[in-house]
Amino acid sequence: MKREDIQKLLEDVKNDKIRLEEAAQKIVDLPFKDLDFAKIDNHREVRVGYPEVVYCEGKTVTQVKEIISYMLEKDSNILATRAGEEIYQAIKKICPAACYNKLGRIITIQQKELTPPDSYIAIVSAGTADLPVVEEAAETAKLLGNRVEKIIDVGVAGIHRLFTRLDIIRGAKVIIVVAGMEGALASVIGGLVNKPIIAVPTSVGYGANFNGLAALLGMLNSCASGVSVVNIDNGFGAGYNASIINNL
Amino acid sequence: MKREDIQKLLEDVKNDKIRLEEAAQKIVDLPFKDLDFAKIDNHREVRVGYPEVVYCEGKTVTQVKEIISYMLEKDSNILATRAGEEIYQAIKKICPAACYNKLGRIITIQQKELTPPDSYIAIVSAGTADLPVVEEAAETAKLLGNRVEKIIDVGVAGIHRLFTRLDIIRGAKVIIVVAGMEGALASVIGGLVNKPIIAVPTSVGYGANFNGLAALLGMLNSCASGVSVVNIDNGFGAGYNASIINNL
Amino acid sequence: MKREDIQKLLEDVKNDKIRLEEAAQKIVDLPFKDLDFAKIDNHREVRVGYPEVVYCEGKTVTQVKEIISYMLEKDSNILATRAGEEIYQAIKKICPAACYNKLGRIITIQQKELTPPDSYIAIVSAGTADLPVVEEAAETAKLLGNRVEKIIDVGVAGIHRLFTRLDIIRGAKVIIVVAGMEGALASVIGGLVNKPIIAVPTSVGYGANFNGLAALLGMLNSCASGVSVVNIDNGFGAGYNASIINNL
Amino acid sequence: MKREDIQKLLEDVKNDKIRLEEAAQKIVDLPFKDLDFAKIDNHREVRVGYPEVVYCEGKTVTQVKEIISYMLEKDSNILATRAGEEIYQAIKKICPAACYNKLGRIITIQQKELTPPDSYIAIVSAGTADLPVVEEAAETAKLLGNRVEKIIDVGVAGIHRLFTRLDIIRGAKVIIVVAGMEGALASVIGGLVNKPIIAVPTSVGYGANFNGLAALLGMLNSCASGVSVVNIDNGFGAGYNASIINNL
Amino acid sequence: MKREDIQKLLEDVKNDKIRLEEAAQKIVDLPFKDLDFAKIDNHREVRVGYPEVVYCEGKTVTQVKEIISYMLEKDSNILATRAGEEIYQAIKKICPAACYNKLGRIITIQQKELTPPDSYIAIVSAGTADLPVVEEAAETAKLLGNRVEKIIDVGVAGIHRLFTRLDIIRGAKVIIVVAGMEGALASVIGGLVNKPIIAVPTSVGYGANFNGLAALLGMLNSCASGVSVVNIDNGFGAGYNASIINNL
Amino acid sequence: MKREDIQKLLEDVKNDKIRLEEAAQKIVDLPFKDLDFAKIDNHREVRVGYPEVVYCEGKTVTQVKEIISYMLEKDSNILATRAGEEIYQAIKKICPAACYNKLGRIITIQQKELTPPDSYIAIVSAGTADLPVVEEAAETAKLLGNRVEKIIDVGVAGIHRLFTRLDIIRGAKVIIVVAGMEGALASVIGGLVNKPIIAVPTSVGYGANFNGLAALLGMLNSCASGVSVVNIDNGFGAGYNASIINNL
Amino acid sequence: MKREDIQKLLEDVKNDKIRLEEAAQKIVDLPFKDLDFAKIDNHREVRVGYPEVVYCEGKTVTQVKEIISYMLEKDSNILATRAGEEIYQAIKKICPAACYNKLGRIITIQQKELTPPDSYIAIVSAGTADLPVVEEAAETAKLLGNRVEKIIDVGVAGIHRLFTRLDIIRGAKVIIVVAGMEGALASVIGGLVNKPIIAVPTSVGYGANFNGLAALLGMLNSCASGVSVVNIDNGFGAGYNASIINNL
Amino acid sequence: MKREDIQKLLEDVKNDKIRLEEAAQKIVDLPFKDLDFAKIDNHREVRVGYPEVVYCEGKTVTQVKEIISYMLEKDSNILATRAGEEIYQAIKKICPAACYNKLGRIITIQQKELTPPDSYIAIVSAGTADLPVVEEAAETAKLLGNRVEKIIDVGVAGIHRLFTRLDIIRGAKVIIVVAGMEGALASVIGGLVNKPIIAVPTSVGYGANFNGLAALLGMLNSCASGVSVVNIDNGFGAGYNASIINNL
């Protein structure tokens, strides 16, 4: 409810166009239902097609299905992350248009047109084993209305492979770097490019990787200054983050 | 060296304007000294006044002084982070224009004009004890040519204080959230605003804070999707990161 | 054995109503069998219907069955936590009245009437994936004789959802907050309400959650002052704790 | 702003007692400045004499002095925790009534009468080295308007010492247990008493105590069900928590 | 090889009773095959029936079977720890006398008479879930030739249960305390008894137990002075250790 | 209070030799003041000269002085661990007989004769930097009435040095192994000797020693079966433990 | 591209033997495709038969199969680590010459002759459970063209077994030590031998081994000076490392 | 004592050239004093001038002085690491030839000629703050008789600086990489060079570096295969290790 709406309401009160009790109720409801920012959020959703998101881990198939049924009525785009095959089969029955990226374990349902900006997001990854996280990030970014360029398997162990792809990396407005093991790729790219870099540590690696801790600490301590970090294996968060920046 | 420069060089070879050996040397030097991206970097520095940065921790006063003497000749802006009082006194002698932010332990030397973009960076912090990190981030962002708005002491324990400042936070192009203890402020702002948020965990807090680990993990696990994280107490990194985004 | 009982015993000795050896034996047994506090405990159990509790993890089906058989004879209410489906099937055979909350993996056997106090316990949770812990806490609290109000899925990422339920949260005598990821919900509620808050970190979340460590540290470091914490995923402990406070 | 106030405002609008712009402004300010709960908070403060709290760690002497000067004007009671001798000297100059508990490093300024309830808080500690935390908890609880009973040096290594004081512990409405090393005291008391126990791990101990981690984990994993835990060395949090419960 | 044996050998050399090359070979072999201590070890094994030990974790069924076949020839007693059902079935085929303690996952093969000393080992445990570790310790101690008394389920949450069994605990020459969760039982017994206590932390417990870390740290930090600690869930080590002390 | 004492008391009641109220009081006091075990403890103290112990860390000089003054009246031997020079100076004034081991930071006051058993305790250490812990253990063991043999600087890096001292190590009834860095010395000795080994990890070492964690974990995971572990740098605990075993 | 090649290219430009655009393109491509070091790498591969390596963990069977199909065309030797049975079956179909070491979970495909140097690599391991890592290291080293000597089951608990094999260990040019639990074997061998030692911690062990952390820290803190460490269970890395040194 | 020496001894026995008791004594002493390997060690020391090493941390000035006095008599080269200024002043008095590298906190005393091999060791470091570790490694390697090339300040944040020095790095026989923060430099060099790389993590960096843990884990998880790791800040270990390899 914008200021002019409040002023309009008060005028209506003054001019007896609305009952006093009714107006009072509207004002009481205001802080929680109609806060300006909530409206902005709704507007943005319409404009850029922001999807509803379901995080499936720890939810039963039935729970996910119910949540998505409810979302489908609202006609918005839908993203279901960490979704196993079984969940996808259940969703497909209530929404045949649902797409499943098996590697990324992510379901996307596009009900609205997307109009990506001109700029694009580059997703760079160190190794093949990082692909599930790359896919989660890519699908997220795409359903949020972005163009995505993937540059796969350019880890630091063979740094010349990275150099042949520098143009496409530098051309992006924002870069997602996905790497496990020691996560050095984020630092190397951070030293070569002057764009915001969102680093995603992955749990890929041998023992003392400690399920991604090594890559996480590596990225947080990056000697390159443009790197910020999201949670281990959090492709969704990286994609979402990059989308906000790409739409600035 | 851009493609046209190479072509020009070859033409000069062809037309005997340059000795063959000299041309060969230029090409041999090319990948390391004159790579395209290096040039871009130089250009950007001139354009937006990107400063040289010295991280003083673990360096002696003499080492810092020598490094800065060298930088001063290049006429660029200079930032010296984690600088104690003693270092500042030494720098002041060789550069009276040096400014010192005691709380943020940061020295700034501005030798070039700055032309900030219209958009600004909001730096939000939870408590008074987070101020040193806020100051480091703010001074960094300002010397990188940005307008900065500081919103101090709006921690989650008194959430209504935050709400009164939401407009200025939402108006920013990018938001830095500085918080110690449990770092919940990043999540709360992330749930209210749709802008990129760079979260800086601080080492402020009681025992099980473990020198910032609690805030770090809290921010990495933020349930709000637009949050990415830099190292504990890394105000410089946050300011640098935010500047890149604010200049997109 | 209260002081007057001892005095009575001594009088009986004096008046030859009891053999000296027999009296000596009673006194020898005293510290371990008849300590005052043990009696108090028994009384309380009768009064408020405190149940016997079996923690099933690490116990075989046979062990649990035997323990509960023994308890059934004592006619008390019984709570079996962390009980898998298989255990429930075994218990049902020896006690058809046993109820099973599958999500909370908890078996309840009510053999005595419960008379809850007027005040109630609010259980607030951040996300759907926290439900198993919510259920464990709720079933525990209910069998301990409390009214429970559940407020589900009001996590910090959408803080306005929380505000619409503040009345019911504030109306409680004690509040259980169940949250995974960064656990910020405890801090936010702690900043809004002046009631004792028992925070339960859950193991819900991405990688650097480290099985609940992030939420645990977050809650322990809460900047809000009324928050105390129980073990990760320990819905039972939270329910038990809240019950003690609600019955003060 | 209660419903009747809104209704009154609308009537004023209707009856031209207030300018429309002014009324609109009041409504716009409403959710953040005048939320019901904020009022409740103010009322409670007046009623039970809740103090303002300053956490001095990480703040300069000047900062603390300024904050307390401001608070003194509001005529409320004041608590400054983690305050070194130097801070106390500075505060004493602007407020001669300030008291300093040197062991607990806590300053208390009582400007309002306190009217403690009949029930009391027991603070039990394992060893002499835990005293600073005991003092912080006790001073906090007392300025929040509670009677406090301290039972010192009854650690598990000499369990019979504890048993002689059980009566006073059981008589309390809520119990704070302060212990370092392995923190077993919380479990032992939890097994003997049916009252809410707030456990405070301390950083007292040899090497593998890891600055309180051992006691913290020990207390979180307590096999006794009525124990909840606050941060390491957080006497203030325990005192505050206990006060809320003691005033239920 | 004792000194007199060497002297005897040299005499044989001198008297041509042994070829010089043969004598040289014996001396070359000496440090590794016939070192005094090795002999002592052999002697002890014969005397007290010390068993050979196989740690089955990480070994294939075939590997374990081969190792035990080889041992069986040497006619010693045999202990196979961490042995699954499948391994037991395989061993039974080559040695029908093998016994299997399913709970303790331990196979014992007694081929020699055992003559326990008069003193005994007490094994005290906190809860039913600790039984597998208790059994591993007990079987180990018994096959090493000791009498064992088990005192089960006397955890700190119900400390009076422990007191009724104090006599049998105090009567032991050495005490093994097995406890998970916070491991407080070791401290409590350490405060009541003046015998060597070997504490075994178990991985039993909720989340922040971190697979036994809580109990491990708790026991290492025990405020009682007679407690030493072995690895998490290491019933074998505790039994072996206790046996050495019981045979002093 | 033994059974015959209770019977005697009852007879006195019967024969009017004691007032009934007085007898009742004695019985009420019984479980906490006069428990059998407390008596045993007192007896043992007299017999073997067990000292009173003060752990000075976290205590003020005044506190330590008061505690020791009180102990001196009881005429027992006294041990004050982790005592700085300043504490020693204060103690010396009230007890000129106090001895100070500066390296071990331990004060010993012997007021009673000690009669060590024939067997002795061997204390073996890896390096010179471990000496403070060795001294703490040795002084503790000696004041507890034991003969001690120290074998210094026989770390694994020069294993032949260890072998030349094996006889004296094997001759001990119990062995304390003090080692920092990786703590391998405990395993090596454990593989050579069949005596109880109490391992003390020390905080000596480079970075990834993490203040003794490396040695602690190393010793807990020792592949040799006779090793149990006390806290990092806990020379006192090791000495106390060894004394109990040496006096079996 | 060597300097003379560049000079040749420029001469061709000068003499019109190449079109200017074409020459420019070659120079642009230069830094990434034809860097000197890349050539050297190719040469080395041809000379010593360095294999291509596939790390199978986190890759699907199909992905591994495709990668190896591509490698087979290049006629190089191939190593696939962390390969399950299923992957091996798939590879065998496209390359019947593939060998599978089941224990080491490693596939080797030798397409080129190997010519090992005279020196050899010794691989020493503590226990049978370390064999999978030993096999991974051995197969890697062999396919990289080295002779390997395995010395198995010579852990510190029975140090005399190690001494009988010292000759073969000392004869190696480089030594790999594989050990779990506390990893003391690396220190012991490091104290006996003056050769480079590559230590591989394994995840073999009881609870507080924390999946190899104990052995890892132990080896990093080794008091012996010639030890360097690779990741937990990283047999491949050790074999590769040792091969580089053995071929110096 | 070699086999022929033993045979010679036996012949002497046979021929009465040595008394039988004397010969027996020599054989008894054999395993500990005269083991073959000890001899080899002595020989090597003479040949390559291996120094004696004193690790000063945790030793008093007096202790270090005594140890070095003793070493000086043996006429070997001496290395004292982690030596503060005060220790150096004390050593200089008893050995004026002692040299002190203040940055590296290392004292070197060269009493014997060094004859370095032709090959050299490259020491590469990421930043100026890593210099103390570089100096410790360099001084160690030099006193062990090696040529050293230092390449300073070529961290990943400016990767082109590294490329200009690749030739000198590739020319080395073995490479030491010293880096703090995320330690990515080891991976990058490992991807460019086919030489053994000894990585030294340093404790240089911001908060979540956790005193070198980030760099340590990063290096252990390096995706480049030729990297092995020594302890945090362990320049000595790296220099020693590299020297062994350089002298192969």
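Points worth noting:
Letters A, B, C, D, E, F, G and H name the chains as they come in the text, with residue numbers starting at 1 for each one.
The definition used in the following text is that a residue touches a chain if its C-beta (ideal position, glycine included) is under 8 Å from a C-beta of that chain, and two chains touch if they have at least 3 such contacts.
Bear in mind that the values here come from a model prediction, so they are computed numbers and not experimental data.
The minimum number of touch steps linking subunit C to subunit G comes to 2. The chain pair from F-G, A-D or D-F that repeats the A-H interface, sharing more than half of its contact pairs by residue number, is F-G.
Interface note: subunit D and subunit F, two copies of one sequence, contact each other through mostly non-matching residue numbers (shared numbers fall below half of all numbers used). Inter-chain spacing, taken between the CA centroids of subunit E and subunit H, is 40 Å. Each of the following residues of subunit D touches two or more other chains: 31, 35, 127, 192, 205-206, 208-209, 213, 216, 220-221, 225, 231-232, 237. By the definition given earlier, chain contacts exist for A-B, A-C, A-D, A-G, A-H, B-C, B-D, B-G, B-H, C-D, C-E, C-F, D-E, D-F, E-F, E-G, E-H, F-G, F-H, G-H. Residues 126-127, 155-159, 181-184, 187-188, 190-192, 205-206, 208-210, 213-215, 217-225 of subunit F are the ones that touch subunit G when the two sit in their complex.
For subunit H in complex with subunit F, the touching residues are 31-33, 35, 38, 55, 57-59, 63, 67, 201, 203, 211-213, 216, 231-234, 237. Across the complex, subunit G is touched by residues 37, 40-41, 44, 53, 166, 170, 173-174, 192-196, 198, 216, 220-221, 225-232, 236-237, 240-241, 244-245, 248 of subunit H. The touching residues of subunit G, counted against subunit B in their complex, run 3, 6-7, 10-11, 13-14, 16, 20-21, 23-24, 27-28, 30-31, 35. Residue ranges on subunit B touching subunit D, taken from their complex, read 127-130, 160, 163-164, 166, 204-209.
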